[in-house]
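First chain A sits with chain B, and in the next complex the same chain sits with chain C.
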Partner chain A sequence: METLDFRFDSAPVSRAADPALCGVVGSGNLEILVQSGDLPNACQVRIKTAARGFGDTWRAVLDAFATTHPAGGTRIAINDMGATPAVVTLRLAQALAEYQGGAQ
Partner chain B sequence: MNAPLSRTWDSQRQSRSRRLERAASLGFGKEIPVDRIIDLLEAVIQPGDRVCLEGNNQKQADFLSESLADCSPERINHLSMVQSVLALPSHVDLFERGLANRLDFSFSGPQGARLAKLVQEQRIEIGAIHTYLELFGRYFLDLTPNVALIAAQAADAEGNLYLGPNTEDTPPIVEATAFKGGIVIAQVNERLDKLPRVDVPADWVDFTVLAPKPNYIEPLFTRDPAQITEVQVLMAMMAIKGIYAEYGVTRLNHGIGFDTAAIELLLPTYAADLGLKGKIATHWALNPHPTLIPAIESGFVESVHCFGSEVGMDAYVAARSDVFFIGADGSMRSNRAFSQTAGLYACDMFIGSTLQMDMAGNSSTATLGRITGFGGAPNMGSDPHGRRHASPAWLKAGREAYGPKAIRGRKLVVQMVETFREHMAPVFVEELDAWKLQKSMGAELPPIMIYGDDVSHIVTEEGIANLLLCRTPEEREQAIRGVAGFTPVGMARDKAMVENLRDRGIVRRPEDLGIDPRQATRDLLAARSVKDLVRWSGGLYAPPSRFRNW
Partner chain C sequence: MSSPLVARHSWFEATARSRVAGLLDAGSFQEILPPAESQPSPHLASLDLPGAFDDGVVIGCGQLSGKAVFVAAQEGQFMGGAVGEIHGAKIVGLLRRAALEKPAAVLFLVDSGGVRLHEANAGLIAISEIMRAVLDARAAGVPVLALVGGSCGAFGGMGIVAKLCSAIIISEEGRLALSGPEVIETVAGVEEFDSKDRALVWRVTGGKHRYLMGDCAVLVEDDIPAFRAGASEFLAKWQEPAPSVANLRVTQQILENRLAAYASYRDGLQVWAALGVAEPEAVPLLDRDSLVALKEGLPT
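Right, the complex of A and B next:
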């Protein structure tokens, strides 16, 4: 296991509903929990992953997410079982939409 | 003036007569007892012969292959094998046991690693790795078999053969062999007094043997919808909206895999909602994919010609004679040579997957330590410059590639891949493993499956790259990097140039196509399990047991 912590600047999230959980911890998949955070213009992320050594890839995937989505003011926890960047990107979008009450 | 050449003009016929006399002297008639097959093979096959062993990734002459491998290397050796697919352990045994030493073939899926080892040990000499059509073509030029060992469903007493739905490669093999002084030996699953239909006439067949068990058939084209992922659904949505709909693709071939299975299962749902029924995907060169059942039942599909059959699909196919090619006897006749010809010349689009792609768009399924070959993908996945007849899709692609005054059209050759495979192996790479493999094989060319200059579009989870619209090699490279996601080559993109390509519609993101990735859920699939497929077929589809979990 490896634990990774990141913080990205991101436009404030438009609307916050209840904490949102998306995905499952299964092979090639991941679980994402989105909750409210303390920094309105930043998205804080903690990842626990079974696949070691992909810190740079996580940084790039999450940076792209925080740039293209308003995710400021969120705290995101990820439990990963070797999901590909395609799956991570899709789940992040789903989880954020869920967090915003299905809005956007 | 030179004197007329003094030579015999029927040496092949004489050789054939001597072989048949040797068999007759051992008491063999046309029907060979199963326990004497090795005696027959040793009587009619000579050292140095070119032998065609029928076998594709579906039907296999497995009993004859095992019997040949059990022949004495003292009697039979230095054989030159020609065969579509090197798939069974006994195929490789021929080389390990010293019966054969040269191989011309198309594909070697499961035996790829053993084959690579034999090449490195210099125990096998590979003539060339072909596409199916090339290999069939060479059967009629410089690789005509002396002996063909084939598989049929049934024989009658005269030796007429019924091939059943898995006709596959048999017709060209038999024709090349029987008309050039060769010997044709067929293993059959059953002997019948009267055949349902005659696929091969008796006078093209020299011997038949009732195999101890029916010939092996691999259910290669069955994909369980339960394993299709949301990312595959997303890519399928992009392909349907961004390519099938925009070009009005009606005639097509799908490669094997979950990516294209997802498209098949979105036709009755997503594509129908877009109003595309009757406008796309009507005429197919395709094996009877179980995942096509919902599209057929929904009235999307008008016609399907098949390379081979698929385990469990025979009853369903036979009951849909408006769609499939069914004989007067009521069963399908497939034909790989004709279906490949349709895929090469009569289809407007090929869409399939690959394992690696470089920055010129060349793609390969060869990886280090495995020699796998190509099969039919390069026939379908290439633009035939000889094509003359026009169609809307072909013309539109041609004008994108060559400008408004184009004098020819262009086939759509689409590669559909998730940017990373399992275990985070990147699909997009600076250099294909095929180049290293070329060195280790001592081959003249790297084993590239689809040439980059034939590829028209690349679909990944990040978007679609339209290579037809690229005007320079640099644009092409950046268009590929622009959909290569978070792979190292994707992250090395020139961001400004990719944005410029996006402005010009060369790179398109899901949102550019009006697709919200969050709507890519498995709920869009017309069938979400094998059981759903059985239900769609009205109970006619009978999946093999390993695909049943109920």
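Right, the complex of A and C next:
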């Protein structure tokens, strides 16, 4: 297992459902818990992943997410069981939509 | 199947959380120890494995057709729904609270291969505590209803727990047994049981077989509203009996008779023929309603 910590600048997001959970820690899947954080213009992410050595990939996927979505003011915790970047991107969007009060 | 694919909300495919959401009255569920407040398993962390925030089980209170119920739902996709220390403690706590607060029922959405082997003795103790807590809740007059239809079925210690419940509601996709097919094959060899033979696995452990044998009270479609309707209708007419040694003796005698009658058989097909089913080979293809009608027409 590897634990990764990141922080990205991101536009502030409005929250409706705090905390919001999405996904399951199953093979090729992950769970994402979005809670409100301390920094209104940043998104803090902590990942625990079963797959070691993918820090650069996580950084790229999360950076793209924080740029294209308003995710500022959140603290995101992830438990990962080897999800692909596409699945991670999908789940992040789902979790954020849930956090903003939309249905999954 | 009687309903079109698009209109169905498969119980088998759903996560524990979506099963709970669809089972209870809309919006009534209140989770106890939600993900942000509970703790992932320290045992998995010490083995360098990622945990789940809820440790693979969702517990809480809600309403079913207007009646207050407690719910525990295992997540089969996380570690095969296996019971670790925290997972077990959450279920035990819920059952103990049920014995005190006396809701109309505890709905136990079982989807588990049994003990989480990573947690060894802590998992084994957790399962035995669940067994005691189920019996204590029932002794306090609270029915505990097992709902089995997930991808992991109810095996190992959770197979025993399911049978300790007041009754079991199962779908054709659900499975119920003690040792899982792979375990039997590993221990006793492929001649004893071929775990790759999925049709055989379902003829021996699957929902239809369990329903025909009388191990499960209700057979429902693999559909979340069907589980909801099945649980609601069952509870409306169920009165939890006072525990008695006489009842246990009757059950024991039924099990002994079953062993004497079927112990030499290798396949559900043989058992169904002995039960009086005219065309046992047709059973796997019957839809739910036809199978229920078939069982009702069997000699007792």
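One rule holds in what follows: the second predicted complex is superposed on the first by the 100 of 104 C-alpha atoms of A that agree within 3 Å, B and C clash if a C-alpha of one lies under 4 Å from a C-alpha of the other, contacts with A are read in each partner's own complex, and residues count from 1 in each chain.
Rule of thumb we're sticking to: contacts are C-beta pairs under 8 Å (C-beta built on N, C-alpha and C of every residue); 3 or more make two chains touch, one makes a residue touch a chain.
Predicted model only: the values in this text are computed from it and were never measured.
Novice: If we overlay the two complexes on their shared chain A, which of chain B and chain C does A:Thr89 touch? Say first, second, both or neither.
Specialist: Only chain B; A:Thr89 stays clear of chain C.
Novice: Once the structures are superposed on A, label A:Ala77 by its partner contacts, choosing first (chain B), second (chain C), both or neither.
Specialist: Only chain C; A:Ala77 stays clear of chain B.
Novice: Touching A:Ala50, do we find chain B (first), chain C (second), both, or neither?
Specialist: Touch partner of A:Ala50: chain C, not chain B.
Novice: Which stretch or stretches of chain C touch chain A in the complex?
Specialist: Touching chain A from chain C are residues 15, 17, 34-36, 40, 45, 48-53, 56, 75, 77-79.
Novice: Touching chain A in the complex: which residues of chain B?
Specialist: Listed in rising order, the residues are 229-231, 234, 418-420, 422-424, 460-462, 485-486, 491, 517-518, 520.
Novice: Using the touch definition from the top, list the residues of chain A that touch chain C in their complex.
Specialist: That would be residues 1, 19, 21, 24-27, 29, 31, 33, 35, 48-50, 77, 79-81 of chain A.
Novice: If we count contacts the way the header does, which residues on chain A are in touch with chain B in the complex?
Specialist: Those in contact with chain B are residues 28, 51, 54, 57, 60-61, 64, 82, 84-87, 89-90, 93-94, 97.
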